[in-house]
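Order of writing sets the chain letters: A, B, C, D, E and F. Residues in each chain are counted from 1.
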Amino acid sequence: MFTHQKAPQFDVKAHAPDPAFARRFQEVLGGKWGEMTVAMQYLYQGWNARLPGKYRDMLMAIGTEELGHVEMIVTAIDQLLDKAPPMAPDDTTGSTQSSEFGLQNPQHTIVNGGGAYPHDSNGIPWSGAYITASGNLMADFHLNVTAEMQGRLQVSRLFHMTDDPGMKDLIRFLITRDHMHQMQWLSAIEELKADGLDNVPVPEAFPLEEEFGEFARTFIQASDGEAATEGRWANGPAPDGGGDFRSALIQATGEARELAPGDPRLYGTNPLTETKGLVDKAKDALS
Amino acid sequence: MFTHQKAPQFDVKAHAPDPAFARRFQEVLGGKWGEMTVAMQYLYQGWNARLPGKYRDMLMAIGTEELGHVEMIVTAIDQLLDKAPPMAPDDTTGSTQSSEFGLQNPQHTIVNGGGAYPHDSNGIPWSGAYITASGNLMADFHLNVTAEMQGRLQVSRLFHMTDDPGMKDLIRFLITRDHMHQMQWLSAIEELKADGLDNVPVPEAFPLEEEFGEFARTFIQASDGEAATEGRWANGPAPDGGGDFRSALIQATGEARELAPGDPRLYGTNPLTETKGLVDKAKDALS
Amino acid sequence: MFTHQKAPQFDVKAHAPDPAFARRFQEVLGGKWGEMTVAMQYLYQGWNARLPGKYRDMLMAIGTEELGHVEMIVTAIDQLLDKAPPMAPDDTTGSTQSSEFGLQNPQHTIVNGGGAYPHDSNGIPWSGAYITASGNLMADFHLNVTAEMQGRLQVSRLFHMTDDPGMKDLIRFLITRDHMHQMQWLSAIEELKADGLDNVPVPEAFPLEEEFGEFARTFIQASDGEAATEGRWANGPAPDGGGDFRSALIQATGEARELAPGDPRLYGTNPLTETKGLVDKAKDALS
Amino acid sequence: MFTHQKAPQFDVKAHAPDPAFARRFQEVLGGKWGEMTVAMQYLYQGWNARLPGKYRDMLMAIGTEELGHVEMIVTAIDQLLDKAPPMAPDDTTGSTQSSEFGLQNPQHTIVNGGGAYPHDSNGIPWSGAYITASGNLMADFHLNVTAEMQGRLQVSRLFHMTDDPGMKDLIRFLITRDHMHQMQWLSAIEELKADGLDNVPVPEAFPLEEEFGEFARTFIQASDGEAATEGRWANGPAPDGGGDFRSALIQATGEARELAPGDPRLYGTNPLTETKGLVDKAKDALS
Amino acid sequence: MFTHQKAPQFDVKAHAPDPAFARRFQEVLGGKWGEMTVAMQYLYQGWNARLPGKYRDMLMAIGTEELGHVEMIVTAIDQLLDKAPPMAPDDTTGSTQSSEFGLQNPQHTIVNGGGAYPHDSNGIPWSGAYITASGNLMADFHLNVTAEMQGRLQVSRLFHMTDDPGMKDLIRFLITRDHMHQMQWLSAIEELKADGLDNVPVPEAFPLEEEFGEFARTFIQASDGEAATEGRWANGPAPDGGGDFRSALIQATGEARELAPGDPRLYGTNPLTETKGLVDKAKDALS
Amino acid sequence: MFTHQKAPQFDVKAHAPDPAFARRFQEVLGGKWGEMTVAMQYLYQGWNARLPGKYRDMLMAIGTEELGHVEMIVTAIDQLLDKAPPMAPDDTTGSTQSSEFGLQNPQHTIVNGGGAYPHDSNGIPWSGAYITASGNLMADFHLNVTAEMQGRLQVSRLFHMTDDPGMKDLIRFLITRDHMHQMQWLSAIEELKADGLDNVPVPEAFPLEEEFGEFARTFIQASDGEAATEGRWANGPAPDGGGDFRSALIQATGEARELAPGDPRLYGTNPLTETKGLVDKAKDALS
């Protein structure tokens, strides 16, 4: 159950309208790696957690904090759209107007009347497919690490696309929290290991003896880029402690198989010996 | 530039048709974390890499290998759909037939005529939005780690949904390669750090002095789950070496702001003093 | 800014697992008219509101309440998926198992490991396109009325698809709140009118003299269903007080226009006189 | 069954090409609240109606009329794209050309060769998910009211984004029909009530005694915006005649529940006592 | 402009409800190759045609006919859903009920209340991206040929999935019209050629001397399937009359290029010489 | 199984960055008719082919070649984005900068850090729904013909949107291969006929005597465009050799049917005689 208060965690104040930056700011609101994604991802992971205690409680705390970040970016975009002109008042042909017109997301005026929405910087709607809550915290916490990295990367880029001091401060705040949250997930991964809950290869519980060992530590070379085998992933001890990495050229160990002819009632293209008389078969099938 | 050979990296042989498992197997072909995703993600990361050498070459190698895994799962699904009956031949009302009918993905017969397609286990088409190639290898390699974890998790679950020895062998192969690939990405992350190319917080190049330090190491509690502050993420030294984690209740430091009234030509709901005479304003705007 | 507490507004307790009902319950979680939609719609309408005071405050209150309903349905689906068997333990061919297998959403096990997600009953992800915050409260409150009606309709139907007393109680709670919320939006519409903020036709501020009056009160008959003109919408005074409804057969008042030929560099199909020499034109355009 | 005539219901004539307005006009053709949506929504509601007579006949009439509006806007966009230059003939670097280039929807030339398509102003394709035909006319007619309001709002905004007298006339026509159609649906809602077919709360047929009465007339405050309880929705008689509105702070009446551990074959994160020996359990499950 | 009459072009009468077949029938209503697609594709091609006369008129005729087929399939699905039970009345655990429940599309009851919608057999909504109107009739008529082939193929498969004589008659009608329409588009392609409007390679107007001749008639072998070069596409005169087909192994004629380092403000991974001092560069960029 | 080499089939070299053209070039990479589509379509058709030999081998060859074209266009877009400025260095208000900013796809910098992705020119992600592999080669080869025509049309249009000689050469190469591939599919269609594998109407195996002959050769006129019946599709012998084309006005041969009332537990709008007492029925249903 949630409660809400109107004052935000950090101040949000654009000093001047800027529809072009409003369009770009949508990316970290409703884009694949935006605040909608992390808020919903952490909440669903928390709700679905079948392990009570610190991990679940932590997920609920951070998911709830991120909901507030959604609110802050919405407010920022709203301010950037203040008096966003649907059209320049007295000069409709000059390049300034045209260019300003072209910089806008047209839906910001036509659809939303000067407001934000859960879509990305090209207007593509946020999708529930952006989030994952797999039930396995180790797999999901690694996703959360990259989410905070992708997020910090994007706001760092946005930092260079505005001169508005209020927007720069808001971005600094978001960059700082993404810094904290990267460390949070990395620490939580270590804690999961220390608590004996899972380990690499994830999921650890699947029995290793079911694997085909010859494929477990071999880097397979399928391209002609020779430097590929120079990395740690192809040399030295593998991190699971089971042996050394090695490398090999890709090779076919399986058989090139032909598929069986299809059911005649599906009217696909079958071998001629099958096709001959297909009409009869189909007719028979009809009776 | 690619070349293809018909024999696969590992043998693919279903011992008997099983349309219900064919439907489920689609998840790791065309689902968010399926083989289409990892193949395309690694290739796009490799193509877009602005750093020549081992990382780029390695991405091309593994992306190309994964394309072959797409082929293998397609072949497996095709075999599982052999003679998939559009309808039971002589008993259309019994529960067996009905249930078999219900277990199928209807598009496997109606649309594909007994073949696989790049869609997930509910028939949702694969999306280019599933992949990320951010230009930052550190952020992307963490995504690749979780991709291999989510992938191994899903095939481990599928392992328990079939009794077909050929399918179980194919799944064992996939599980093994996911094991290797998890280690590969974890090793590549360590190598990126060792090579001085990036570090936590990602991107490292964004100047830390631009951050608001008071938010950089604080776990913020926004839920009433008390165990949330018991984890490593709220206690002890933070992994970036910059100080200790601490925790605090969420609090509002910003101001609850009211938005400015909108442009009358957008016909939104504005304060009454603004609305009074809005018709006149709008009329004026028309002339 | 939000805070969260773990105890829900109303109790959630499934008495037994039921994967088939879990699949159906997803509709009112992540479907077009589900709780994700109303929570996000009301919050975005509130955040974007350019009129401070009771309407905006009310939107924030109800949006926050609905977030808690998202949490409740997620919890319910999780319980319904307790021990959802990936496959029957010892009988993989019998119709009971097969049918149970067919009733499941395969992603509930393969992807989520026994958890809910923001998708509908067919597994289609929730979309940001489901919500509207137009900036005009009158238009949006009418959308909110129908959202609560479609929602109450769907949970009323779900009421007949389960025998679980805990689930029936949760549905009763949701039905009751939808009842309240229908009345809430209808009252808010009346208040908007009483406050002089807008009226039919929405938006009232667009000057009526710009309309073509002859089309403003005429029901146009374009089908041969004769009863269409028997309703109130074709007879008696129109609700805007501007005159009586009337009806007329649809008729063409405009001209059937031909389009101009296209630019030759677009290589579309143009009239022959244009096409003759198109190769030359294209060649000219190339130099 | 439909028939078509080439002359339109109202004249369509753009006086000059304007690719930037063509892009914006797409919103009311293929956007969520555009003509494709209302045409298809009314037709599907009519086709699916299980009540013969005036309501069904009216739906078919208006749906058919709206199909003609789709045609009119397509024609308008086509005219606005006449000779839409793929690139300025002799000045490829000046800001005018660049800006004109930036104002265009690139698919209007590259994909359509100077034609309209069922996509919105950002190029997002129209979706069948935009329409609802629930089988309950009362719920659907409320959706239709808001559809006409959102539609009139959008074309009113577009009215200020063009100076073309032909386009302004077409927009005036659309605004006028949306005025009529708002009144049509409001009248139809009153008629449904008068005919005793349904009423608030929709659906009326679900027995009120199944509801939890204490939640049926209470406005629940979950935010700190104090004005929220000043509206009619929290004071005075509720519109269903069953009593007075009241308000209350949100409170938890349910229990914070922990989920049961998951099936070991799903490899989720379970409590340690469950996890210890999980490998063994999984192994057992394999045999 | 359209008009509608209630009687259909061909009779629609299901003899008994069949929710499982209703689910499957959705494929040819709202699937990629269903009636929604051909109706809209032909109408948009006709509306956008910049060549007046027989082709444009023909497109409007067939598009309008197909709209009526949409109506017919909607009606059929509605009948198949008559009394579709949300749940069996008195036996909720038996396999028959469960299996029937599993065969249904859950949205047919929960969302639509027993009605059809523009979605496919897995419930995926119809998309405006399914249709193409390129402005080039030759390219589009070839798309129309395949649309009628894919359509006839799907209804032929559906023919074997029902025993209902009314549904079989409706399918026979659809199969027959698809037969006619295949011939119609093939004839129209011949007529376009005879009228000198376009030819292979489409678009003919692009000057052949701009092509690289050595690639214009060569089948390129990139796989080890040796039979690939046995077909007509690799031997004998090419259909454009410009010479003989030949075949060659795929070979690299271009250079393996390295990309330039990225702008430091994008924080991508650049060569170490670039990265060294990146922090300084980024800082400089900030001032 | 695939292998990769870094040198491309044809050289890729942009002479100067051009973010506006980079945005447009995305259309033939990740758009509906782009290289992702043809590569994946041909590979899936090849993998799913149930007829071994030349057709299957040919599909694998061309699909593999097209994968290399994906790589080439990605490389081209990357080069066009070299040093794509997130914002002009010293002039943030002038129209040049603004216009350049407006011409960009914002995700090229914010999300990808200067790289390509599998999305179209409006940023819409590539979809698995773009490809079809029906199992029937005749139907699919006709789709492949149009794919190469739509593709050649789009790159021909792009040819006029850039002055970069390297990009023009790359486009010439693509245009040439599309020329070859159009001929390849047309030849393959002839070969399928010559081999007796299928013919018009596709699928040939569905027995013609099941059709309703009176509809098989009649062009049906549903619009008032009189020229529609002047084409070959309405006159002379039909291409299947079964008789002459004829034409007729569309007419209703079926009955206008009313639907049965719905199940009361679905709470739809039913006839009044049904509705009267619906509350009681619903109540009964509850007990």
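In this section, a residue touches a chain if its C-beta (ideal position, glycine included) is under 8 Å from a C-beta of that chain, and two chains touch if they have at least 3 such contacts.
Chain-to-protein mapping (UniProt): A, B, C, D, E, F = Manganese catalase family protein.
Every value quoted in this text rests on a predicted model; they were computed, and no experiment measured them.
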| item | value |
| --- | --- |
| Labels of chains that are neighbours to subunit C and to subunit D | A, B, E, F |
| Other chains in touch with both subunit B and subunit E | A, C, D, F |
| Interface residue identity across copies subunit A, subunit D - same or different by half | different |
| Gap in Å, rounded to a whole number, between the CA centres of subunit F and subunit D | 26 |
| Distance between chain centroids, defined by C-alpha means - subunit B, subunit F (Å) | 25 |
| Residues of subunit E touching at least two other chains | 1-9, 32-33, 48, 50, 55, 60-61, 64, 68, 75, 78, 86, 95, 99, 102-103, 109, 111, 113-114, 122-125, 127, 129-130, 132, 134-136, 138, 153, 156-157, 159-160, 203, 206, 210, 222-223, 225, 250, 252, 259-260, 262, 265-268, 286 |
| Subunit E - residues contacting subunit F, complex | 5-13, 32-33, 53-58, 60-62, 64-65, 68, 72, 75, 78-79, 82-86, 109, 113-114, 124, 127, 129-130, 132, 134, 136, 138-140, 142-143, 145-146, 149-150, 152-153, 156, 159, 172-173, 175-180, 182-188, 190-191, 200-203, 206, 208, 210-213, 215-223, 225-228, 230-233, 238-240, 245, 250-257, 259-260, 262-263, 265-268 |
| Subunit B residues touching subunit C - in the complex, by the definition given at the top | 20, 23-24, 27, 31-33, 95-96, 99-100, 102-103, 120-124, 153-154, 157-158, 160-161, 163, 222-225, 250, 252, 258-262, 264, 266-272, 275-276, 278-279, 281-283, 286 |
| Contacting residues of subunit A [partner subunit E, same complex] | 153, 156-157, 159-160, 265-267, 285-286 |
| Partner subunit C, residues of subunit A touching it in the complex | 1-9, 30, 36, 40, 43-44, 47-48, 50, 60-61, 63-64, 67-68, 71, 74-75, 78, 111-119, 125-129, 131-136 |
| Residues on subunit A engaged by subunit D in the complex (per definition of touch) | 1-6, 48-52, 55, 86-87, 92, 95, 98-99, 101-103, 105-107, 109-111, 113, 122-125, 134-138, 192, 195-198, 203-207, 210 |
